[in-house]
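Chains: A, B and C, in written order; residue numbering restarts at 1 for each.
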Amino acid sequence: MKYQVDSGQIFITLARGDFINKSLEAVAVKEKLTSGWVHGLGAIDYCELGLYAFENQSYIKKEFLDEYELVNLTGNITLKDGNPFIHSHITIADRQFSAMGGHLFDGKISAAGEFVIVPGNIQITRKFDQNIGLALWCLGEKNA
Amino acid sequence: MKYQVDSGQIFITLARGDFINKSLEAVAVKEKLTSGWVHGLGAIDYCELGLYAFENQSYIKKEFLDEYELVNLTGNITLKDGNPFIHSHITIADRQFSAMGGHLFDGKISAAGEFVIVPGNIQITRKFDQNIGLALWCLGEKNA
Amino acid sequence: MKYQVDSGQIFITLARGDFINKSLEAVAVKEKLTSGWVHGLGAIDYCELGLYAFENQSYIKKEFLDEYELVNLTGNITLKDGNPFIHSHITIADRQFSAMGGHLFDGKISAAGEFVIVPGNIQITRKFDQNIGLALWCLGEKNA
C-alpha cells in the first residue's frame, strides 16, 4: 500500500493481497485523521459482507471467495474509542456482472485497488446507541 | 437529523425514521446551497425507486419495503424553480446481498444514515428539456 | 457535453448520445488534469463492462444494449503514456431494478448524465505491472 497526500485529498493505491479497511485505517492513523470521506474501486478475491438486521441488532454475514470487480466503495472515517475507524459499504460484480453489496467487514485486493480519502477538519466521534445497536455519529452543531 | 459544516464538506447523520432526500434538501435549503455533490451510506427499511423509460418519458416505479443496506447514494444539489433540489440514485442490498438500484424518489433510514455534501460555489439550475422529458442541468461555460 | 469549472470541482453534464469515458477524458485533456476523482449518475442505453480475470490477465467483456439507470459511476483520472486517462467502474440497474456492474470500457447517455471531477494537484502516472497485467498507479511518497 502506498499513498500520497494532496491538498484536500489523499490518493491511495493498494496492492494484490492488501486488505481494504485495514489499509485505509492505517492511513487514517498515520495522518491523524478525525473525520473524512472515502471512495474507491478495484478488484478483489475475498470479502466479508454484512446486512444489519434491526430486529436482532446484529449483522447477517457472508464471505465471498471468488473474483469480483470492486465496483464502488463508499465509506467514512470517524473516531471510535479515540481511534480512527473506517465504516465502508461496497458494491461488487461477479463474472456474470451481477452486483452484490453490503457492509464491508473487510476485503482483499486481487489486482488494482484505487482509493481516495477526503479528510475533514472536524472531529466526528462514534458513540454506541442502545436503541439502534450500533455506534453512530455524534454531531451536535445544527438541526435542520 | 443533525449536520455539521466543515470547510468544503457538510457531514450529515440521519436517524431511524428520517427520509433521505427530504432531509438532505432541508440542509441544502438551510445552508443556501446552489450546487454540490452528495455521497452516502447506511441502512433503510423503505424506498421508492425509479427507472426512466425514455420511450414513454416517464419513470417505472417500485416500492421496496424490506430492510436493506444502503450500499451507496450518489447525488447532487442544483436549483429547480429557484429552490435547492436533490437528485439522487441509490444502490441497496438485501438479505441475500443481491444489489438493486435506481433513481431515488425517497427512502427511510432504519439504522445508520451517514452522508456528506460537497458544496459548490457556482449556481446550477435545472430547466425542463422537451426532448428528454426531464429537468436537466444548465451549464454554459465550456464545451469540450 | 458541457462543463463548468468551480473551485475544487468540475461539474459536467452529458447529453443524450454522449459517451461517458470519452467525454470525461476530453474534459481532463482540456483542463490539463494530472490526477483527480470522478463521480456520476444518469441513464444510459449502452455500455460495455468488464471483469478482470486475474488467471488470464484479461477482461471478460459484455455489452449491455437496453435502457439502464446509471446508479453510480466511480472513477479517477491519472496519466497514462503522458495523457489524461479515465479509469471508471459503474453500477447500473435494469427495469426490474436489478443491479449489475463492472469496469466501464464506455457507455452512452440516454437521458441525463451528471458528473463531477475533483481535480488533484499531484501527478499520478500509470505504469504497466507485469505481475498484475494492468497499468497501476505509481505513488511513491509514503508507505503505511
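In the analysis below, a residue touches a chain if its C-beta (ideal position, glycine included) is under 8 Å from a C-beta of that chain, and two chains touch if they have at least 3 such contacts.
As the structure is a prediction and not an experimental result, all values here were calculated from the model.
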Check your understanding: Graph of touching chains, which shape: line, ring, star, complete, other?
Key -> complete
Revision key, fill the gap. Taking shared numbers over all numbers used, above half giving same and below half different, the chain A and chain C interface sides are different
Practice item. Take the average of all CA coordinates in chain A, do the same for chain C, and state the distance between these two points in whole angstrom. Key: 21
Exercise for review: Provide the list of chain B residues touching at least two other chains, using ranges where the numbers run on.
Suggested key: 8, 39, 72, 91, 98-99, 101, 118
Revision key, fill the gap. In the complex, the residues of chain B that touch chain C are 8, 35, 37, 39, 49-54, 60, 62, 64, 72, 74-76, 87-91, 98-103, 118, 120-122, 124, 131-134, 136-137, 139-144
Study note, to complete from the structure: chain C residues touching chain B in their complex are 1-9, 11-13, 16, 23, 26-27, 29-30, 39-41, 43, 45, 67-73, 91-95, 97-99, 101, 110-112, 114, 116, 118
